[in-house]
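Going in written order, the chains are labelled A, B and C, and every chain counts its residues from 1.
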Amino acid sequence: MLLEQLSGNLIQGVVLGAVYGMATMGLSLIFGVLKVVNVGHGAFVMVGAFVTLFFFSSLGLNPFIAIPAAFLVGILLGLAFYYAAIKKLLNAPELATLLATFSAGVLLEETVKMIFGSEYRGFNWDVGKVDLIVTALPMSKIFAALGSVAIALLLYVWFKRTRAGSAMRSVVEDSHGARVCGVNVDGVYAMSFALGIGLTVASGVLLTMFIPVGINPYMGGGYTLKAFVIAVLGGLSSPYGAFFGGLVFGLIENTSYTLFAFIPGVEPFSLTRFLSFLILLIILLIRPTGIIKAK
Amino acid sequence: MSLLRLENVTKRFGGLVAVDRVSLEIKKGEFLGIVGPNGSGKTTLFNVINGVFYPDEGRVFFEETDITRMPPYKRAPLGIARTFQIPRPFASATVRENVAVGAMFGFQAKTINVEQSLEIADKVIERIGLSSHGNKSAGVLTPVEKKLMEIARALAMKPKLLLMDEAMAGMHPGEIDNMVKFLREVAQEEEIAIVAMVEHIMRAVVNMAEKVIVLDYGEKIVDAPTREALSDPRVVDVYLGKGAKEENAEG
Amino acid sequence: MKNRLSPYYPLLPVFVAYFALFLVGRNVEGTWQLVATLLFYCALGQAFNIFLGMTGYVDFGYVAFLGVGTYGMAIAITGLANFPQLGLGIVAIGFVLAIIMATLLSTAVGAVALRLRGAYFAIATIGVNEGFRFLIEGANLWNGSSGMIFTAQLNEILGRDLASRVMTLWADILVLFIGALAAVVTLLYMKSKIGYALTALREDEDAAKVMGINVTKYKITAFITSASFAGTVGAAAWALKTPYVFPPEVFEIHYTIEAIIIVMLGGAGTLLGPLVGALIYGVSKYYLSIFLPGVQLFIFALVIIFVIVTFPEGVVGVIKRKTRNTAIGQYII
């Protein structure tokens, strides 16, 4: 019984983990290239969720069509924010970018609240279920996981095969060296920031498959915390480390939820969220450079 | 008794050996020059001496105590002070406050209070010729003034050992001569051993150091009294030769 | 010109401002609620500034300290309700408990996170408030998610009259004193070794270490000081003023946001900054909520980004720079 539930959760965990991983790649990309911590991360995820809501509920379109749209929205937001603030703060004390990204998150939340209001919304994209004996998975979640893997692979190819991608990698390795070798480092910064935000907003589309009624301007806070747990699992500056960190985290989250549910008198949902915070502290304590090594 | 002794110190960055089995010894009040081309490991050697990095191999002794793995903040109160190759002032604080920080947490840390530190700061600032800048933010000083401020901050620590990383880069010949004279005086009065690394400023080396160590690719290739060291063919080869070539190329 | 009191001149504008606030609130009909809110913001900013302003580290989970402080007072009042003869002593115990709990939490978080550098520290703190909230709810600590309501106990302990005066007046006056005390401590820190050490490490942590500064020790000291003040603010402004506590309310990140706005707007690391920031923020929030309800955070998020990009030293930071070496300058730091 427990075993069955656990193995069912294993599958659920991997599926959710893939999406979590993709949702953290943008955060790690931005930190890797610019050494900027996007504390407003969750708010950008939230924007993606609202783009999806708009596509599905207002236009009646397949939510997957929202992915490129959300990506584009993210690129534009990223560029705007980069040129309005981040670019001017790259040489300022760390405090400045931390507070600026944090404030940007608040700004987005408040903007969305003014447009859509602050009640919880959601939509249900019903495309059937698959029965996997130990658990039943909605197709929409499977599509979301596959979409995440596809985006991660696309990013991988882009890094390896395009000039822009290799310029970005060279900046991650050694920004000074890259500048000396004629890489347009400032351009790479702008592009990476925009790409990172684009990926983050796009990930919001995929996450909506898991939260049928959880779309709200303030939904991002929880994702910011999760994303940081995942990012430090993967070493903070590697998008691929983040992807695998997401898988691991999805598993931890699902398993611990199942196990906590067996303890009488506790609320498994809350304890699971407390656990993710604890994991964050523990990783930072023992290995701030990350547990998972991925290039 | 030696003031500072390094035994076979090695520091690697990944595959790169920045400091390669260097041993050296400095006595109280001695004036040692370290020269070597760019990237030869001079700054890294300093970082190992004051604890910014711990060596991968070898040991560091200060007054015969093993300090190899002692954190930097504990070394300063023993009497180890330094200046940085690229000045690192506490930019928002005034020059006076910067220098007072040196006094406050340096060799006298245990016995001195804020008032006394500020008094010491005023004296040192006066002596080094920055009096008119005392109440300015350190961040607005010119590069040379910043270097002077760093020397003042280090001297306010009342060190037994002063590590100066390119302290005179960017100064005019006249300023260098004054600086050398000043340092000699202070060092003699207070019995400070000075290790100065001087890259392209031979003038300073010749006038200042009793002994010279030459580094090349992290290895100590020469350790001799100044005159002797400067005429050593390996030095001419590694250091002057290369410099001369570069100058020719530029010209 | 130079006398023994002159280092303390900068407290003068602080005290004058608090006194003026008090006078306005007591004498102008219908202003006490606004004044009480302003006093809360002043104390919050003053307390937060001791950490954020003096170290340059950001704690995104700061509200957790107000939260545990609130719980400290709640636990004292509910736990000792059977000993009404202790009277106001219970409130005093509540404050002590608030300080102890905030100190314990900040020591635990600080011991892990303050060994890390800026960005990693900030990341570590992001979940502190939520984490603590979920621990209380999840493990059913102190009544878990149903929270604690202790109006009845407060009435019993203090008597109805005193209890209602505590809730409507004395709690706010306590907040005033906490804010003023935090300002005094800030100044004392600035004038002593710890202040110099914090300035140094805020500007350049590696250089500070080389200068002999035990940066972790000083960061933790500032962190714990700041957290203890936050604990007392929670105990007074939340637990005593409104005698109930619900986890989602007292761990709400909103208050961290407000603390950041107040400190950055007024001037991080200055003595007068948090007060000026609190007044600007509190008054404009008040009027915005009347004339443009619901947009105040939107506007302030924009304002903060603007401040960080164009004048990161804040209003008082600018004034301080402009008045340095003038007669007014000795009152503004």
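Please note the rule applied: contacts are C-beta pairs under 8 Å (C-beta built on N, C-alpha and C of every residue); 3 or more make two chains touch, one makes a residue touch a chain.
These numbers come from a predicted model, not from an experiment.
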By the contact definition above, name the pair with the higher C-beta contact count: B-C or A-C. A-C
What chain lies farthest away from subunit C once each centre is taken as the mean of the Cα atoms? B
With centres defined as the mean C-alpha position, give me the subunit A-subunit B separation in Å. 47
Whole-Å separation of chain centres (CA-atom averages), subunit B against subunit C: 43
Centroid of subunit A to centroid of subunit C, CA atoms only: how many Å? 32
If I count partner chains per residue in subunit C, which residues reach a count of at least 2? 202
Can you tell me which positions in subunit C touch subunit A when the two form their complex? 52, 56-58, 60, 109, 112-113, 116, 118-120, 122-124, 126-128, 130-131, 133-135, 137-140, 144-145, 202, 253, 257, 260, 264, 268, 294-295, 297-298, 301-302, 304-305, 308-309, 312
Along subunit C, where are the residues that touch subunit B in the complex? 191-193, 196-197, 199-200, 202-204, 206-215, 269, 324-325
Name, in rising order, each residue of subunit A that touches subunit C in their complex. 31, 35, 37, 39, 84-85, 88-89, 92-96, 98-100, 102-104, 106-107, 109-111, 113-114, 221-222, 224-225, 228-229, 231-232, 260, 265-274, 276-278, 280-281, 284-285, 288
Parts of subunit B lying in touch with subunit C, wherever the complex brings them together: 50-52, 71-77, 82, 84, 88-93, 97, 100-102, 104-106, 109, 113-114, 117, 135, 153, 157
